[in-house]
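To start, the structure under review is shown below, and the notes come after it.
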Amino acid sequence: MSYHHIQELAYEANMQLPKLGLVLFTFGNVSVVDRSLGVFAIKPSGVPYEELTPAKMVIVDLDGKTVEGALRPSSDTLTHAVLYKHWPNIGSIVHTHSTYATAWAQTQRDIPVYGTTHADHTTAGIPCAAPMSDEMIKGNYEYETGMQIINCLKENELDYEEVEMMLVSNHAPFTWGKTPAKAVYNSAVLESIAQMAYLTEQINPSSPGLKDALIKKHFERKHGPDSYYGQS
Amino acid sequence: MSYHHIQELAYEANMQLPKLGLVLFTFGNVSVVDRSLGVFAIKPSGVPYEELTPAKMVIVDLDGKTVEGALRPSSDTLTHAVLYKHWPNIGSIVHTHSTYATAWAQTQRDIPVYGTTHADHTTAGIPCAAPMSDEMIKGNYEYETGMQIINCLKENELDYEEVEMMLVSNHAPFTWGKTPAKAVYNSAVLESIAQMAYLTEQINPSSPGLKDALIKKHFERKHGPDSYYGQS
Amino acid sequence: MSYHHIQELAYEANMQLPKLGLVLFTFGNVSVVDRSLGVFAIKPSGVPYEELTPAKMVIVDLDGKTVEGALRPSSDTLTHAVLYKHWPNIGSIVHTHSTYATAWAQTQRDIPVYGTTHADHTTAGIPCAAPMSDEMIKGNYEYETGMQIINCLKENELDYEEVEMMLVSNHAPFTWGKTPAKAVYNSAVLESIAQMAYLTEQINPSSPGLKDALIKKHFERKHGPDSYYGQS
Amino acid sequence: MSYHHIQELAYEANMQLPKLGLVLFTFGNVSVVDRSLGVFAIKPSGVPYEELTPAKMVIVDLDGKTVEGALRPSSDTLTHAVLYKHWPNIGSIVHTHSTYATAWAQTQRDIPVYGTTHADHTTAGIPCAAPMSDEMIKGNYEYETGMQIINCLKENELDYEEVEMMLVSNHAPFTWGKTPAKAVYNSAVLESIAQMAYLTEQINPSSPGLKDALIKKHFERKHGPDSYYGQS
């Protein structure tokens, strides 16, 4: 059984994080799933980006058990596993501690929709999953983090295929997508949205937010049957 | 009919945006007009900057209809077309989602004149066009965006040849100029002015703004018959 | 007696500071101790990073007296000496004037624990040592700075092997570690934590901070007998 | 008469400004004086840094009249001339519109002494010269700007050899020094001090500022007969 294809993809996607300024040292990880094999490739834990190679990507099954690889996988591996198991249509997950998105997560607030940069990507505020109970933290913490993300979307009646980015309270952002390129793209977009929303509130604490009609318009320019952004 | 000259200019100007730190991914576009041919060259929609070539620039007429090019033009094309049609003396238009200018747009506030860096470029605050009605948004949105820009200048009794930069509410900045170099320059200047104005209000919320005499002096140093900035 | 080994280590660590964006001009210094020889190597005072060489690192004993070297050692040398003398298990010390950590030091406030990025590194707020009395400042200032750091940790009942970073009121941060790589890492992490905490309070002045259970969990993921972060 | 020596120095110093991130486009200028010849070399007006050469530096006398050079000198030339004429011991002047220092200038506030980074360079707050009267602005504006700087220092009973950096209300910073290297260094230090002071007030609006004893101590570490910073 060869896993080279997802190891190569996971390696390339992980290496994008420092290039995009989204990680300091080892504070982030990307995984890429192969649905037919039922496994994903993920960054090894605590290994600096400059020492990564495709072969060092660890292969893990959807219960978070290592299938192949000499190194220990990311300490966040179980969170990735839970999301892949519950969300059949995602192909890749990214976790960073990028500065502005992490600051918002630390405030326990959703990021409001203040402009079209945000609405181009999702029609909702970026949800911030509630803090976990002490029992969840002391129990299977990384598994519970995944469940917290899943349940937060459910409670907000949002679809993981429409909202591909979230904050976890007092922790940091997670993003996902059909492809590793899209999942990494979402992390960079979230960081930019988070910075702009911060500045917007600083300049005008009573900024009115985006009209519903404009939210709908911008999202439909980029998504759905009548979209006209990009090359079809 | 050859459009190479404006395709080359539009390509070069578009490539300046990531170099100046004004765009993330594909969030921006530059167009360059040829008045004698009645067409402009504009970035294709959603194509990453590193994949652009002069030949990929789409040729569009002043009603926004594609004249030449295999790719779909920027989704903001009609906004460019409207501005070229109404403002006979501009040669190029730039649209970005640069961080600080976009944050100001999201607040629906004009950027006040706090210093000479601003007054060197325009004697007025940078206007923020009002939010559109739902009818305008659901209708010909990009056309209406252009009309909103034009009407906002009119209402403020400002001349598009004197004020070459504006914000669109909850959206982002547009700038223009006689040449592509000037239009791109204006986008970078606007971002710098927007950052300084933000910091000014944070440090001193009752900052007094610039005296009229100083606004006039600095603008006239750079513009008009008695200017003495630059090489004549 | 050869000191090349610590000179080389100190040189390499000092050169990391400008690469990580932690210093402007000469505003920082790293030292590396050899416990068996009872000396440490430290950056010479006021020499630009681009002119440094391993041979220019000054060798100083734990009372701060120069043992070898043609150049004057860092003006902060006595602070380093005091810390090495009182804390037998540290191998390296870093001092910078990095922007966000220095701003916090200037406020005389501890940095609260707002998120897991912080809790991954220490279970406590980053302490800010109290301002010195005029007598201490006029006396042996750099020695007293070291004592202020040591006493602040004691008063907060914190262990220098668990909390490896601190602020000195109205001055700037100091960090340390068993190795030069760890001490430099701590300076970069502190700067990131300081920036995130600043943004957190700006976005939500009543941000609740991290639950005790989560502080404990994240610290134990990375540290202690049951840690599972990184490669063992 | 050859001016190559000051043209070369002025060229080198001007080229440092974009490298240090202190200027956007042409928003800054450095001059270098030769006291024995009674002239200074200054950047030509509005010429991009990448097109500068030593030969393009304009030679001007202390009344601001061009002595040699095909290009028009910086529009701020008269301000430089006034300072050279009144302050016999300075060798170079730098003017930028660096972001944070300019934001402070726009608030019309002095930058308070919040920490040792500031006190290492001057014992006083960074003064912000008062706004000019309309008559001064309409008159010999650049000459009056120089007089405003000189008078502001006098009113604050500060010596231009001790305080080598200032803000001009609603305009931007000026710095100077015995050498071009020192004058450029002062511009970068001022920008850093300005950013830290801004952050300090944001984090804690009632930050207490630096004790007099510590201001004195840090300044004397670097300056005066008992200084022990740097290599003697």
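Note that the chains take the letters A, B, C and D in the order they are written out, and that residue 1 is the start of every chain.
The rule is short, and it goes like this: a contact is a pair of C-beta atoms (placed from the backbone, for glycine too) under 8 Å apart; a residue touches a chain by one contact, two chains touch by 3 or more.
Computed from a prediction, not measured in an experiment: that's the story for all the values here.
S.K.: Validating interface symmetry: for the copies chain A and chain C, is the fraction of residue numbers used by both over half? Same or different.
M.R.: Different-residue interface.
S.K.: When the centre of a chain is set as the mean of its C-alpha atoms, what distance in Å lies between chain C and chain D?
M.R.: The mean C-alpha positions of chain C and chain D differ by 33 Å.
S.K.: As a quick test, compute the distance in whole Å between the mean CA positions of chain A and chain D.
M.R.: 46
S.K.: Could you tell me which residues belong to chain B and also touch two or more other chains?
M.R.: 202
S.K.: On the basis of the stated criterion, which chains touch which? Give every pair.
M.R.: Taking the chains two at a time, the touching pairs are A-B, A-C, B-D, C-D.
S.K.: Could you pull out which chain B residues touch chain A in their complex?
M.R.: 24-25, 27, 44-47, 71-72, 75, 97, 99-100, 102-109, 131-132, 134, 137-138, 141, 170-172, 198, 201-202
S.K.: What residues on chain D touch chain C, complex-wise?
M.R.: Touching chain C from chain D are residues 114-117, 185, 188-189, 192, 195-197, 199-200, 202-204, 207-211, 213-214, 217, 221, 228-232.
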